Every structure is written in C-alpha cells, then in structure tokens.
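Here chain A shows up in two complexes: once beside chain B, once beside chain C.
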Partner chain A sequence: MGKNKGKSQGGSPSANTGNQQSPKSSEKPKQSEPVAAPAAVPDAPAAANVEQITEQVNNLHLQNGEEANRDDVMAARKAKAAAKAEKAAKAAAKKEADAAAAAAKAGGEASTAAEPKQNNEENKDAERGGPPQSEMSKEEILAARKAKAVQQRAEKAAKAEGKHKQDQTQQLGQKEDLQSKSNLKQASSSPNGNEKGVRFVAHDQKETRDSIHNAFKPLFDRCESGDCEGPDELCLHFMECARQFISQFTWDNEEQLGTMMDDSLSMTLKAITQTDRYPLPYAMGNVVRQLRKEIMQVGRNAMTKRHLLEWLDDSEQQYFSLANSAISQHLQGKIAAATKIITYDWCPVVNHVLIDSKTKGSLKKLTVLDAAKNGPGVRHLTSLADHMGYVEYGDLTAVGSIFERGSLVLLGCSAVLSSGRVCLPKGAFQLSLVARAANVPVLILAPTYKFVDRAQAASRFALLGKTPLDILPPDLITAIVTDIRLLPPSSAPAVLKAKALDDAN
Partner chain B sequence: MELEALKSNAISNLNSLMKNEPNISTGLAAIKTLLKTLEISKATTAIELDAELDAVVSAMESTDHSSTSIRSASNLFRKFISLAPADLIDQPDFVNILNFYNNRGRIFIERVARSRDLIGKFSRPFFAHSTRLLTHSYSKVVLSVLRKAQESGVDLEVFVTESQPNASGKKMHEELTKMGINSTLVLDSAVGYLMERMDAVIVGAEGVMETGGIINKIGTLSIAICAKMMNKPVYVMAESIKFVKEYPLNQSDIPEEFKYRTSVRAGRKDLSSEHPEVDYTPPSFITLLFTDLGILTPAAVGEELIKLYT
Partner chain C sequence: MAQVDAPAAHDINEIRTTFVHNLAKGHTRENSLKIAQATVNYIRRIIALEKYENIEDLLNVLRTHLRYSISLAPTELVVRNIFLIAMKLAREENMRVLVGVDKEVGNPYDSLNTLWKAEENSANASATGKKMRKGLAATIKEILVELDSSRELIVSRAVLQLNDTVLTYGVSSSPTLRFFLESARRTIKMRQILSVSSQLDDHSGPDFTSSISLRDVAAAMTDVTKVLLPVSVVFPDGSALMPAGSLSIAHAAARHAVPVYGLAAFYKIAPYYSADAASAVNAQAGIGLPVKLADSLRHRVILSPVFDVVPAHLLSLYISNSGAVLPSHMYRLIADYYHPEDLTEEL
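Up next, the complex of A and B:
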C-alpha cells in the first residue's frame, strides 16, 4: 500500500498499465476525498448507506475519466458473475439437503437482488470501516469464491454427516440433530470470506462428538481440552474407554455381537479421525487394530465379552507395566556406566526407568530439558523429587553446555517407523544433533507396540492434532531400547515381523 | 561335586582341542566340549541338564581363550539343540530328549564346521588379481579365505600389521608366506601411511554384536576409521556362531570380560593400568560381513539375531 501511495501521488492514474489492480486501489481514496460530497466513507462508516455509496461511485466514475471507469465496470462485472455463481451454488444446495437449506438462506440474503449486489457489498465494507470501496471489487470476488467453496464443502459434509447420522441412529438409537444449527453458524460466517470463521475442524467438533459412542466421549473431551500429554496416556485412556464400551454393549444375537460391536467401534473411530482425514496416533492405531481383531472373534470360537475384557487387561499389563520394567532392566547396566543421564520433554517410559534406576542406585546425575521453561519435563522433576536431591533443569538453549564425558541421552517417542525413523516431541532433533556432535549415545525408549509399519509420518493426528512432532533419522540414533532388547533402528522391520504388527496382520 | 568334575573335564577338553587342532576356532572347540558333556550326561531332568551345561560354560569362560567366542557359540548351541517338537518334550523318559539334543548338537557342529568353506566361497568374487589387502592381527577365518583365493589362482598382495602387544600379526605373516602369498609385515603405526594404496581392509572378529559392529583385536577400530576416511571398504569375515547378544554403545560399554583375559582380571579390581585386548568397531565403519549365512550388511546382523533369539 505504502509503496503504491507514493507512486500515485506523483503520476497520473492513467499511467498505470502494467498492474492495474493494485495502484488503482490506492489512487481512488486520494481522489475521492475532495470529490465525494456526502461524508467521506472512512470517517463515518456507520452512517453510509447504499444510495450514498452508489452516488459516490458514480461521481467517482465521472471525475476520474475512462481509465478508472473501465476498471470499475470490469470489477463490477466480475463481481456480478461471482455473485451469480454463488447464487447458483446455493440454489443447488437447497435441493441437496434440508440442513444445507438453512445455510443457503442465511447466505442467500446477500445475493437476493443481483443488481445492487456490488453496492450491497460495498455497503457492508463501509460498515466495517474496512478498505476503500474500489478495492472491494477485487476482494469481493475473492470473498464470493471462498463463499462458494465453503458452501460446497459444507454441502458435502452435511451429506456425509447426514448419512453417517442415519446409520448411527439405526444402530445405536441416538437421535440428536444439531446439524442444521452448526451449518447455520458456518454459513453465516461464510459471506465475509473470513477463512478463520469457516475452519472445517472448528465447526465439526460438535458433530464429531455426537457421533462418538458414549463410552469414548471422555477420551474425546480430554483431548479437546488439551489435557492429554502424549500417546502413552492416550492409549491407556483408550483402553479404559474400550473396557466401558465392551461392558455396556448389548445385542440380542450372541453370534453377531462381535460384528455389531466392531461396527459401532468403527463408527466412533470414523468420527474421531474425521473419516480417516487425520490418522490415529500410530501407537494407538496398533492398539485399536489388535482390539478390533479380538472383537471380531466375540460370539465365535466360544469367545465372550469376558474374554475380551481379560484380553484388554492382559495387553495393558503387557504394553505398559511389563514393557516398562523390561526396558528398565535392559538399561540398568548402561545407566550405571553413564556419568550423567539427559532427557527431554515428558515420557512415562523414561520416567519409569529413571525412578527405577534411582531406587536401584544406578542413576547418578540427571538433566531434564524442555522446549521452553516450565514445560512438560517438569513432571520428571516432581515425580523424582522424593528420590533425588538435585536435578538439572533447563530449556533447549542450554543444550550446548549439558554434555559431559560419559553422558547418555534417553528419549521417549511416540512411534518407531519401519524405516527406522522415530517420531519424537519437537526439539528432540536439536538435542540429538548436539549429542551426536558431542559423541554422546542417544537411546530411544520404545515398547514394541509403538512400532508401526509406515515409512512416512502424517503431520497431524486425530485427537493429538496439536502435538508437534520431530522425525529423527536413524543415523542420529545409537539404539532403540524395546521390551525385547536393545536394537539398532535398522531392525524395526524385524520387530514388526516378530510381534506381528506389520501390515500383513 | 559332580559338577566340579564336569568343570575340570571341560577345561582340559577345551585346552586339548585348541592345542591339537591348531585350525579349530574357539567357538567350535567350545561347542564340541558342550556336545561331549551332552554325550556323557546322566541328567534325568531338563533342569539338571541346564545346570550341567551352565557349569561347563562358566568353566570354559574361566580359561584364557576368547570369552566372546565361547559365550556366543555356547548360547547359540544351546538355543539350537533345545528347539524340540512339543510332543517330544512331553515324553516322560528324559533319555529320549537327551538323545534328541545329542543329534541336534551333532547337526549343529557339522554346520558350523562347514562355515569357513562357505565364507571362502562367498567372498571369493571380491578378490581379483593383485588386489591389495590390509589385514590386522591373526585370524583363522581370514587365513582360510585367503588360502581359498590363492588356491583358485588369484595372486593377492597382503599387508599385515604387527598387531602389538602380542605381535600376533607376525604369526599371520609367517603363515601367509608359508602358503606362498605375497605378504608384507608392517608397523601398526603405518596404517595411515599405507591406506591410500590399499584396495580393501579384511579382518576377522572375536564377536559380532547386535549393532552389526564387531569386537576384535585392539587396533581394528583405528584401521576401520582410517579406511572409512579414505573410502576403502572394510570386510569382516566371521562365522555366525560369533553373533553375540550384546549391544555396546561405545568403547566404555564393552563388557569387562571381553576386554581382558580371565588371567588378567582374576582377583583385580582396578584394571586401568592394563591394556585392553579388544576394541569395538561400530557398524558405521564396516562395509560388509561375510558369514556362513551369506554376505550381510551390518544392519542385517540385528535382524538375524532377532530371528535366532525370539
């Protein structure tokens, strides 16, 4: 803007031929100030009405000569076309679904009269005290386009959701319809073209929550409130919810119980992952996959709900307490030989190992780092307060001065990929790089259920969408400590095979 | 009491094997001793048998032979023989099971005895006429590989490091010369000077670790680092009975019993004034491992070990 202003002050408006749009936008207000008789728009935005602005625009056309006039007419035509397209889209939406109709109505107000469309829009902008009028013609086009896109997206979602809902009601007997309400909310924000107002995720949450089985709602709410620290807690909570889900679930036909349970669970998962748009966190994906395999057995092979609950208890013990103590056992010798242990962020497995080795007397010195002070790593400090008198704590800026001879880095992870890469909390990459430079071994603590048969990582996960992750390449990792034993990262595929976690299973 | 007799028997057995058959590997001698224990065993339960075998292994580890090789070979041997079908295990008469173990043991030893030939066969295409090789210390596998290449008509030029403090390289040099291979004895400190004119480095190993790295005579690491800097391949010749379930993170993480001979360790707490006998070469410095299982990258070793031990 500033640049253009300087330019327009010196040169005549007609000289701008190369880039017509942007200089035009700045030259108009300059001209309009002396010309527009009824109150200047920016000064009294609330008082401006359609007539005034139309008049103003007309005056502008007269005063500025052909060049500006042509521009405005072009812009108006474009806007008209866009408005028409928008109207057509909305009409289509009307036919499509009842829910979408409300949205079309709300949004349609803007386009009821095709003729004064431009003025109408400008009026709105004037009310907002926004940028000068002639700029709006371009912005308006964009807004219209965005509105159209949003409209279409909403239609799709409404359709899918409607179908989903239908299934859900059939199977679970749930009858709640907040659909039209949320659509209304979305549509009312769409004509403004404000991208933030129409965020798909934001709008979808209520619906998502409704499609989730009651047993899993606490998990969803916890994640929504940002109370869940990582995949370990998530998995544990999921298993707890699954226990509720299984014990609550009833079905007349004993033989079909497993199938119905799986259907219902898959419906919930679909809602959580927004139909696979965001995958489940990898470790949790493993748990879910194995649970579903077991669920499908219910009703067959004399497998009952009680077996399933027992299976859940067993796996919880295996994945968490047993795996943790096995990992700790593998590490005792290494920790005893190290002069100092360095860890980053929070991980329950690391915490277990630290407490265990402190009680066994092998842990001498400990440094905990966080991305920023008072981060999740503080949990290590509070949990070790009873065991250790002194723990070093700092943020990532301290990374240069923490390594000494005989140090050892222990890191928790959220997943180990089949390529040997490891998903870690953000910032662990820096720590590992510095550790490599200081010749300090980096050990990744990973129970085998965190191994996944994927080579690439998704950037966002369902439930943990906000958790940022680093992906550590295998050459920065000295060893992965699993409940089987210490392994090089290159052995990840062998672990998947040995534990039947690969895609073939 | 009986166990004590078993122990002293085992030690004398191992020593005589190593003395009378100069080409036998420590690992093979160890499992032959174990088989002998199986043959004369009068155990009536699996637990008794386990106790006997445990005693024999610890006795063998108390000798001055490479405890890395003894441990790896014994573990793999015991793992292999105990892979019995379920219906056999359920049999009340332990003699049947013992017989089964004996047979499995013999099969295993046959397989192990063949491994050097296999390694020779696998590595043969890697040597061409007047290939220049640098080797370190005395290694029976390397010797047999070079002999095989020589027999098939390839003229090699071999440079052997002295390998102090016990000058085992001298012995290697003598053996090579006896075979008619063009061999040169060089100083340990001349490795950097010589590396640029070598085609490859070829070494044996006392033990192959889960990392894919090796534990070998001290000095191997310096040679491997030097080779890596000058882009020369490092080939390791090792039988699969040398695979050890151990994961060293760095030099200070090598188990004490691997670093010092038993006679050195006996009754001493402070070993800081002793020279370590071995060093650990991490997998990043190793190009390929030639084993009886085939030619492996260091990464493949971990996978083989998972297959063996899960």
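Up next, the complex of A and C:
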C-alpha cells in the first residue's frame, strides 16, 4: 500500500487516508488504490479538474490556430466532455459492478478482518449513488468526478450562452447561426451522450451548408462542386468571402464587434471543419489564423471594420501579387542561365514566374509535365500561348527523357512543413528523384504564407477533401524560393519565426 | 554478294517490304516475342529464297536485309539481335558441314593460340550454299522453338515468395510478365500485386492485380517488397530499355531499397549499346488531348517516349530463360548468342 500512497492524487489526501485502512487482498493492488471521495471534498478538487480538462480540450482543438477563448466554444466543448465522461463513468460503473460480483463470488478467501470495513465503505458508496470506491481504478473515479463537475458547469454555461446567443441572432436575423446554436443547445441539453445531440454540427452536407455564414457559402459550394483547383485559389476566394463577411457584419456595441465577428466566423469554421475533424488546408489555416487575430482587435485600439478591410486588401496584395513578383525577381538570373525549365502540374506562382521571365526574354525552353495527359498543367500552355516559342508537354512517363544539360525544375507547393518537407502534387516525388539522378536542381516556389508550423502532413482537409499530395523530403530539394530570399529547406523554422507563423503566435 | 535472279528477288523484296511495314504500322508497339518470331520467319524465307554460293555470300545477304530493316525501323533492336543470332548459326552450320557433325567446332571465344591453330586446319574453307541451306533451315527453326519455350523457362525462375507485395508495370502490354504473374499466383499466395498504369483511374490490368497510377508509385513503394518490370532490350553494361515510366519506378524502388527484377529472354540481350531505341516515340502522342488545345499546341511538342533507359545500378537481377543473371554479368551471355566477327561492324 505504500506504493499506492505514493501514487495518490494531490487533490484529495484526506480521503486517501481513510481508504488505506481497508486494504483488499494483495492480488488486486489496482483496485485497492487510494480513491478520492467526492462527497467529502466535493468542490475544490472538482474545480481543479474542470480547469484541467478544459485546458486539455482547448489544447486538443487548437490545432488549426483557432483561439478558443469564446464562451460558446467553451460551453460546447465542456458539454461534449461532460457527455463523454459521463458515458465513460457509466460504463466503468457497470464494469466495476460486474467485477465486484465476480470478486464476491470468488473472494471467499479474502481477509475476513478487512471485510466488514470494506462492506461499510461500499454501502456508503451505494448510498451516494456512486460505484464502490475500492473496486474502481483511479482513472475511472477521476473521470466520473470530472464528468459530474464538468456537466454541471457546461449546463450552466450553455444556459447562459444560449440566452446570450438568442439575443444576438434576433438582432442579426441570421438563419445559419440559429442552426448552429440549435445544434449546440441540443448538445448541451442532452449530455448523456448516446443521442444525436453529441454532434455539434451534423455531417450531412446540407446541414453543414446551413451552418455556414452566407458570405462563405460560395466558397463552400465551389469546393463541393470540385471546382477549386488548389490552395492558392482557395485562399484568394476565402479572402474575398471574408471581405463580404466583414462588410455585412453589424453589431450595436462597437466594443463587442470584434468578439461577435470572431464568434460568428468561428461557427462557420466549425461547420467547415466538421468540428475540427479535418484541418483547414495549410495555407488557408495561416490566413484564417491571422485574420482572426486582426478581427479580435476590432473595437479595441481604435481599430474599425474599415481598418480590417484595409488589412485584408494589404494581405492579399502582400501574399499574392507582391510575393509572386519577389519570387520572380529572385529567379530571373537562374532562369536566364538555365537552358530548359521543367515544371509539373499547375501552380499560379510558377505560372507568374514563367510569364514574367518570358516577357523579359530570359526563358528559352519550357517543359510541362502532368500526372496524366490533359491534366492541370495544360493551363500553363494556354496561359503561355501568346508568350512562348518552344514548349514541350507530356505525362509522367516522359520523365526519363526530359532532363538535359542545364535544366532547372521549378515546382509549386501546397505547404512547407517545419521539418523542411514540402507538400506537392502527387507525382512530383518521382520527378524530383529522377531530377536528382540527372543532377538537375529542384527549386520549390513557396510564398511565406505557405510555411506551416507542423511536422506531419494531413491526408484529408476541410473543403478540399482528400487531396493527393506527395511529401518531398528535404534531401531532394535544392532550395526553396520565398518572397524573402532563396533558402535551404532546413531554414523553414526560421521563416515561421520571422513571419510569426509559428504556434507561439 | 550473290546474284539473285529476278523472280526470286521480286518475291523476297515483297516479303521484306511486308516485314518492315508490319514493324512500323502499329500505333502501339507489338510485344517483343511477336517481333522476334516475325523476324525468324523472315530469315527463314531469306535462307530459302535467296541464292548464295558460300558462307560469305549468305552473311552478306543477311547483312543487306538487316541494314534495310533497321534503317526503316531503327528502334526495334530485337530484329537486329535475331539477325545476328542467325548469322552466328550460319557460321556454325558452315563449320559443321566442313568438319562433320561429330567433330567439335571451334569456339570463337577460345584463346588466341587455339584459334590460330584451328584457323590453319580449316584454312578458310567454305561449304557450298546448297549443303548449308537444308541444315540451316532446321537450325533456324530451332530458334522458334527456343522462343516459344523461353516464356515457360522464365516463369520457372520463381523469385516471388509468400507474403510478397509485388509492384509491376506494363502488364497489359507484356504477355511474358502477365504469364509470369499468373503462373506464380498458382503456386504462391502473394499478399498483393500492384499493377501500375500510366493513366489515372485505369483499371485495365488483370483481375488479380490492384491498379494504381504512376503518380502513386512513390507513396505505394513503402509497402512493396519486389518490383517486376518488363524489359525490351538489355545492353551489355546491364542497363535496359524498359517501357517509358519505368525509370521513375526504379528510382522510387532504389530510394526504398526494394529489389527490381527485369524479365528478359535471350533474344533481348543486345550485343552492343545503341542509343537509337531510346529515342523511340509513340506515334499517337497527341491522342487524349482536347481538340480546343489544337491551336495553342500547334507549335508544341507532345512528349510520348516509348522507352526509358534504366541504368544497371537501379536493377537487382535479370530473369532470363537460361537463369537469373546479375546486371553486371550480362555481357557474359553475349558469347553464347553472337559471333565476334559479326559484331565488328556496327549495324
């Protein structure tokens, strides 16, 4: 038991001492672990645990860079946690009861001295309506206690929040917000877990669409129809929608405008990501995070909606046109020195650089490859129709015969991970392998907003669904061309730090 | 060169034209075995119809036909290989007629001293064309038998094991590879056979394979234990001509340390390197592109190579009908099929 004493939770030392006097048989050390008695000290440890669990839940959901300090989000999470925990507790109780019955059957040889006391404890527990303490493991007891406390809190919060939100929706008259909240209410009012109410946002596409703010519906529809070509177009469209959203959003109290706007945006994002089930596409996640940071400033420090719209315009210009021009400028010398430029699939940044270099006369020969003929790479050909003289086009089978002396491979990307790995369209891995074997440099064109503070790639994204991506390891990359400068892949963390894209921000 | 009379020449010309036309007419390349069989039949007709007085005449006749064929179909190295094999057999037949069936014919790859003595004995003698014709016709026919049996012999070299995940490419265009997999499946229960297709969402592979596209190869390679590739031609340095797209598969396999096996029958072993075949292009490159692109693509080149040259260091083993051969040992097999004097002049 001395061992168990050492393991006991700091929050309930007084309760432990009572239990230690009633050791069960030595073959069940886990069952006889010291257990906190919720009835004895109900509030203090429970409150501490609620803080703990809330923090954990927040950490869990912070993956997309969402700041989860809004009441509604909190309430929703708590309700979810409560429902889950109670379900777990019930299951545990049932299990323990079974175990107790079995133990009682087989436990004739258990020490007779300990028995009366043990029974006493169990009876006490039965009176409280809880499972027999000594039969439950530490984790289960904790879970049950947390569940109870969290449920109480969540109910309170949801009640308050529901009232608050009702007022808001009445003013806004937004059907989609109502929908989300009705889901939310459903979730918090039926925390027992096994009903439909546990799901905050229905995964049905129609319901998801209803939960999205009107301004973002065109984006959702476009992605649903599979019309979205890639991360760049997606980001641009998102910014356009965000502009609409900000313009349309009204709130009486100027001071609360930012918070309310963020709440509404958060609801939309929740619906899009199916309650954080799928992450936002990398670059878009960065844009969203920065936008929300700015939105939160509205109403404070004399920041108004007009400032926000200006910020959005500035960022668009900075992320797209200015970044593309800077990348193009960095590359002109290299393109002029190369006898042949090879690219794969479609990327607007690469296209910009190619058109730029052709108008400047530095591009001599171009080869465009696609995974299969008539793929997205054809857009390079059509856009360069008036600019180009000599162009080769082919599919991935031609990869063995395109490299010649002085070639240079330019590839666009979806994201640069913090480990220096790069997410590219599928097939680019093989192209890079053959390029390395042919001693041809591979340059990745990545504006800084595509750098993400993640080491692992996701296979499925919100909006884009399952995107076929290759993860290119750093050893196959000669350099990454950013709007700052040409960098080795190992400098990805430095870019994240410099552009405040890392998790610390 | 032998004087050929008009009707015979006319006939053989017709045969020659038909043969070359058949080589070039197909939109997609025929499989190598069929080309090899057609070439053997063509040579049989040459031997039967052309007139020649001695071995030199016969070799010149064969050389002329060979030059004609490869000038019109320079990428079909199998044709050249079969012709050179036939020329070696003609030389052996000549020696057999001269010295008798029982006596051993000198090996052209013997030591210089042995060759010097052997040369003194035979004293550049030559059998008459008439005597050679009959024996040679039978010998050439043997090539056909050997060609037919080569597939079974390759299949018998089982390299696949239980629980292998095999990745193959070009199964639909290589009957040997398909036959190999079907036979292997009968005896070994492999975990999975991935058939790579150069098209997206193409499920034209055999039923027992799961289709993946070429762009998915790098990701799928993590699960693969063996890569099986069809070979079009093997060069003496161990490198090989394989269907276009094989190079990137071989690189991906090398990256994941997965062994790559090439299926290469004897008639695919080329006696010397030739860069011509590597530049072969598919005549139907533009097919599959939308018509609206015609304007913007008018002055563009559509890349559609037929072959990739895969260097020897990316290949682990060749499975030939005579056994499994390391790429670095491939040159040893040249002596079995070709005569050194036929290789002095590059054709």
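Following the convention adopted for this analysis, the second predicted complex is superposed on the first by the 301 of 505 C-alpha atoms of A that agree within 3 Å, B and C clash if a C-alpha of one lies under 4 Å from a C-alpha of the other, contacts with A are read in each partner's own complex, and residues count from 1 in each chain.
One rule holds for everything that comes next: a residue touches a chain if its C-beta (ideal position, glycine included) is under 8 Å from a C-beta of that chain, and two chains touch if they have at least 3 such contacts.
Please read these numbers as outputs of a predicted model, since none were measured by experiment.
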Fit or clash between chain C and chain B when superposed on chain A: fit
Touched partner set for A:334, first chain B, second chain C, both or neither: first
Which partner reaches more residues of chain A (counting touched residues only), chain B or chain C: C
Contacts of A:491 with chain B and chain C, given as first, second, both or neither: first
First, second, both or neither for A:226, with chain B first and chain C second: neither
Partner chain(s) touched by A:478 [first = chain B, second = chain C, both, neither]: first
Contacts of A:431 with chain B and chain C, given as first, second, both or neither: second
Minimum C-alpha spacing, chains overlaid - chain B and chain C, in Å: 17
Shared chain A contacts, counted only where both chain B and chain C touch the same residue: none
Chain A partner contacts - residues on chain C that touch it in the complex: 198-200, 213-219, 243-249, 251-252, 255, 278, 285, 288-290, 293, 295-297, 299-305, 308-309
Of all residues in chain A, those that touch chain C in their complex: 367, 369, 371-374, 378, 381-382, 385, 389-402, 426-427, 429-431, 433-434, 437, 468, 470
Residues of chain A touching chain B in the complex: 334, 337, 406, 408, 439, 441, 443, 475, 478-479, 484-488, 490-491, 493-495, 498
In the complex, chain B residues that touch chain A: 210-212, 245, 247, 249-250, 252-253, 283-284, 298-299, 302-303, 306-307, 310
